[in-house]
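Here subunit A shows up in two complexes: once beside subunit B, once beside subunit C.
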Partner chain A sequence: MKLNDRVQDDIVILEPKGKIMGGPDASLLHDKLHDYIEQDMKKVIIDLSKVDWMNSTGLGILISGLTTIRNNNGELKLANLTKKVQSLLTITKLVSVFEAYDSIDEAIKSFK
Partner chain B sequence: MEKPKIIDNTIMIPSSQDFLPDVDVFLEGVLRGLGVDESTIADIAISVSELVNNAIFHGNKTARDKTIKVEINKVNGSVKISVTDEGGGFDLNDVENPIDDDNLLKEVGRGLFIVQSLMDSVDKNTTDTGTTVVITKDI
Partner chain C sequence: MNLELLKTLVYFLPGGFLIFLAITITRDNFVSRLNRITGAMLFFAGIGPIAMVLGYMIEQSSTEGVPFNQTTLYNLYLIWEFFFPTLLVFAWLFPVDRLRTFKHPRLRYLVFIPQIMHLVIILFFSDINDLLNFLSSAENAEGLVGIITKPFAQLFSYLLVVLGFIRTYEVTIFGGINLFYVLTAIYFIETGKRFVTDPRLQTQTRVVIWAIRFGLGLLMISYLGAAVFSYEFPRGVNTALLLSALLIGGGIFTFAIIRHQFLDVQLFFRQSFIYTLISALLVGTYIILGVQSKKLMTPLFGDKADIVSYIFIIFLLLIFQPISSWIDNFIRSMFMHSRTDYRHIIERFSRQVISMFDPRQLRQTIEETLKTAILVEKVYFVLYQDNIDEYALIPSDDNTRQKVIDREDLMLRGINMLNVPTYFDSLSDYRNDSQLAEVLNEFKVKVILPMKDAEHLLGFLALTTKVAGYRYSAEDFNLLGVLSNQMVTALTNARLYVESMEKLRLEEELNMARQIQLDLLPSGPPVMNSVAISALSTPSRTVGGDFYDFIPNKANRRMGIVIADASGKGMPAALMIAQIHAMIHSEVNNGNSIATMLENMNNQVAVSTSSEKYVTLFYGELDETDNLFHFANAGHNYPILVRSGGEVELLDIGGPVIGAFPNMKYESSTVRLNSDDVLFLFTDGLSEAMNENGEEYTEDRIRRFLCDCRGHDPQLIMDMILEDVQKFDPHVPPQDDTTIIALKMTPNGLLLNERQA
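Up next, the complex of A and B:
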């Protein structure tokens, strides 16, 4: 897995690429997410358009980020879910937990 | 064993997540060779990654000198994959339901549920030498 990140206005956009299956690669996403939260960034979008698939480790990282940022009065949103990730969120009922948008622009607008 | 070892349709790895990508590359290569479609390959790859993670942490307790073996076979119209560790096993049914409202925000505990959701069958066998989980998926 690779990870790009950028800040647009006051919104953090993380773009993991590949498969999130556990191990050092997955730690990269977890650590970057929590680095931004520690910097008091309260608006985060994770762009999942380039994630082929993830397993429960990936879902755990998303939940960890979501709960941590909500405890800091912020919000984490998802964008561009691939069919496989959407399916996994449906199976695990996490669709009811995450706000997900069809594009980065829509996710950005939702913060305003 | 310090690095992955491949013999025919079997890969053996030390008990470390460092080798998850090796298992994935091997698995997906074998499945493509069998003509399995990409969506099914992803479902199987997700499931095997869950089972290997379980084997690393719960079976072999991250003891790097212990081995995990993943074997792939085509049986009639199905793919059958076994994941074997050197641990004492677990109860497939003794897992909290991760889709209960009280569990939705837990960071762990979804692995076996996902495997059971994506695969057509999941079976487990524990012997004196370790535990094998066998999954099958129609292709």
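Up next, the complex of A and C:
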């Protein structure tokens, strides 16, 4: 997994790329989130458009990210779910827990 | 004549042997004072019999004129008396080097004075006598000259008397002095023994002392005693006593010295013996050639034979040195490489350590080898410790605590740059503020032996002085260099062994965990009247994160069926599964509703594990009285219900995965199972089985497959689908934990179940 990040209107947009499979991926996302939390930037969107595959450990990473942000009184939203991620979230019934949007813009709007 | 020759040989051999031994010992390590003095002592001891041989030969050959034993040349044999002062000096050096404590060590040469005097008096007696006579004759001078010279003249006349006295009783006087020397030497060695603490050296000292007692005892009886107390043995007895004194005394003695200072005593003796023989052979050949050359030349060269034979002899003399050195090299290369003894040690050492994996035992062997081979008094180990990722001083007898050495310690960095054994003193550049240097200094460390594996310093040995304070020779350093390479190999082996043992232990534990996990799974499907059930779970590693079970709910007489999949794989997943197993059993026994059960479990797991660890779980209860199946799905892959007509229903109602977020709500649902309906529960290991193109098997494909084979009994359905997945993704074991429960409503479920059992 590669992780790009940018900030748009006070909102952090993380863009993981490739497969989210655990191992080093976990600390990568975790550290990035903590960096932003320390800068008091707690509105985060994870753009999943470039994530073509995710296993149970990968989902664990997203869950952990959400927990981290929430524990710091922030918000984390997902955008552009691919089919695989969508189906994983559906089966695990975590769609309702994660707020998921069809595009970045919609996700940004939801913060306002 | 043959008997005479034998006699000569009997005298010559021990003398020659001792002399060559002397040369070999001196040559082996000339810089060592002990070597030099031992060499000198053996040389002078060897002079005795050699002088006897020469004297005897000359006596035999000269038939006229003055008897040989009255000539000046004959008296030269007295040189052998220098054996006694050298013995005394030796006693100062062995077993404890006392000369180092002398203020003026050079004064030791004074002990040679009596023997020199003896030699001078005997050799030049008549000359000195004449001179003194002449000088003392000035006693009668008159006038001024007389006044000045008179006291001197008187002195000289006294000296003349003394000289006469000495000449008359020389045998007794110098015999007495020599006897005194021997006793003093024995005294020094006996008292020096007390200072020897090293057990090996103690043994050697004892051997030396016995050699001296024995050899010198015989010598005293046959020679010194006879000289002092004027008795005489028959010549044969005397010779036998002298020879055995020389041979046995010198032999044992040399043995002890060699063992003490050198390494391979057998090699040493062999070497000396072969040298003696070869040299005797060479000298003999030369003598024969010299004597015979003139005879041989005469017919060829006539008058000129003399000159030619001289030229020939000169030629022979010229090539003597090359020939002898060639023989020397030849013997060395054939029988005794100069490092054979070291090779012996190295060979033994590598043989010992090759199968030694216990670091402590290995250190002991290294220490013992160094103590035996190089006579190091103490060895300290500083080794890199994997568990603390630091270098540390290993505890030893007088240093009971492991001492961690600062990574930035200047001395450690200095040692890190070494590649060969080095004197600690030469590392003074690295002493500033170095704790390590202080410790090493305190231990009186002399030599640092680094142990390097390629570029990495495994550690080093700190060696103190050698026993009795002898210095490290160049050979010692060579040996240390080679041994350090062997140690590196041995230490690395030991480390790898420990690692592999650790791995083995972990595997063992993992296997035990696997057994525990297998025991958590039901031994077989439950026996029911209207349902046939088959189940299988295959972990992708030794232990897995999948779980299934059949739990009879005693409260409502339903059969509980659970399938679960913990996120991740291996041991962490297995531990979560063990927790789930315990929880669900207690929840079922508590008689809670299915939704409440899942809520309780979710909250418990959520608080006890971090949020990225979760479990997907499906729990259902089948009531055989009405064929209703009550269930709730906590984020698990939807179980597939294939109706007998081929319609497919997915059991998705429930809630989120267990353990990700606390306070989740779950709902349950109910479905009626009719005859010949197939319920198929699985984990994602099955649906996500991946072929080499990166495509997944997918749930759709499972559904289609189930529709096609729904007519078969559950065991066959399971086998067929596993076979199909296996064709799709031939990994064995599967890439992910895979679990299947296949269940079919059938009037003769009992029968089918029995058949499976």
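Throughout what follows, the second predicted complex is superposed on the first by the 110 of 112 C-alpha atoms of A that agree within 3 Å, B and C clash if a C-alpha of one lies under 4 Å from a C-alpha of the other, contacts with A are read in each partner's own complex, and residues count from 1 in each chain.
The working rule: contacts are C-beta pairs under 8 Å (C-beta built on N, C-alpha and C of every residue); 3 or more make two chains touch, one makes a residue touch a chain.
Keep in mind it's a predicted model, so treat the numbers as computed, not measured.
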| item | value |
| --- | --- |
| Partners on subunit A (subunit B, subunit C) - clash or fit | clash |
| Which superposed partner A:N55 touches (first subunit B, second subunit C, both, neither) | both |
| Which superposed partner A:K17 touches (first subunit B, second subunit C, both, neither) | neither |
| Winner by number of subunit A residues touched, once subunit B and subunit C are compared | B |
| Touching partner for A:H34 - first (subunit B), second (subunit C), both, neither | neither |
| First, second, both or neither for A:V97, with subunit B first and subunit C second | both |
| When the two complexes are fitted on chain A, the stretch of subunit C hitting subunit B, from 310-318, 490-498, 562-570 or 706-714 | 562-570 |
| Those residues of subunit A which subunit B touches in one complex and subunit C touches in the other | 22, 55-57, 59-61, 63-64, 66-67, 91-94, 96-97 |
| Complex interface listing, subunit C residues touching subunit A | 565, 567-568, 610-614, 616, 633-638, 652, 654-657, 660-661, 664, 684, 688, 736 |
| Interface residues, subunit A side, partner subunit B - complex | 19, 21-25, 52-57, 59-61, 63-64, 66-67, 83-84, 88, 91-94, 96-97 |
| Interfacial residue positions of subunit A with respect to subunit C in the complex | 22, 26, 55-57, 59-61, 63-64, 66-67, 91-94, 96-97 |
| Subunit A contact footprint on subunit B (complex, rising order) | 17-18, 20-21, 24, 39, 42, 45-46, 49-50, 53, 98-99, 104-111, 113-114, 117-118 |
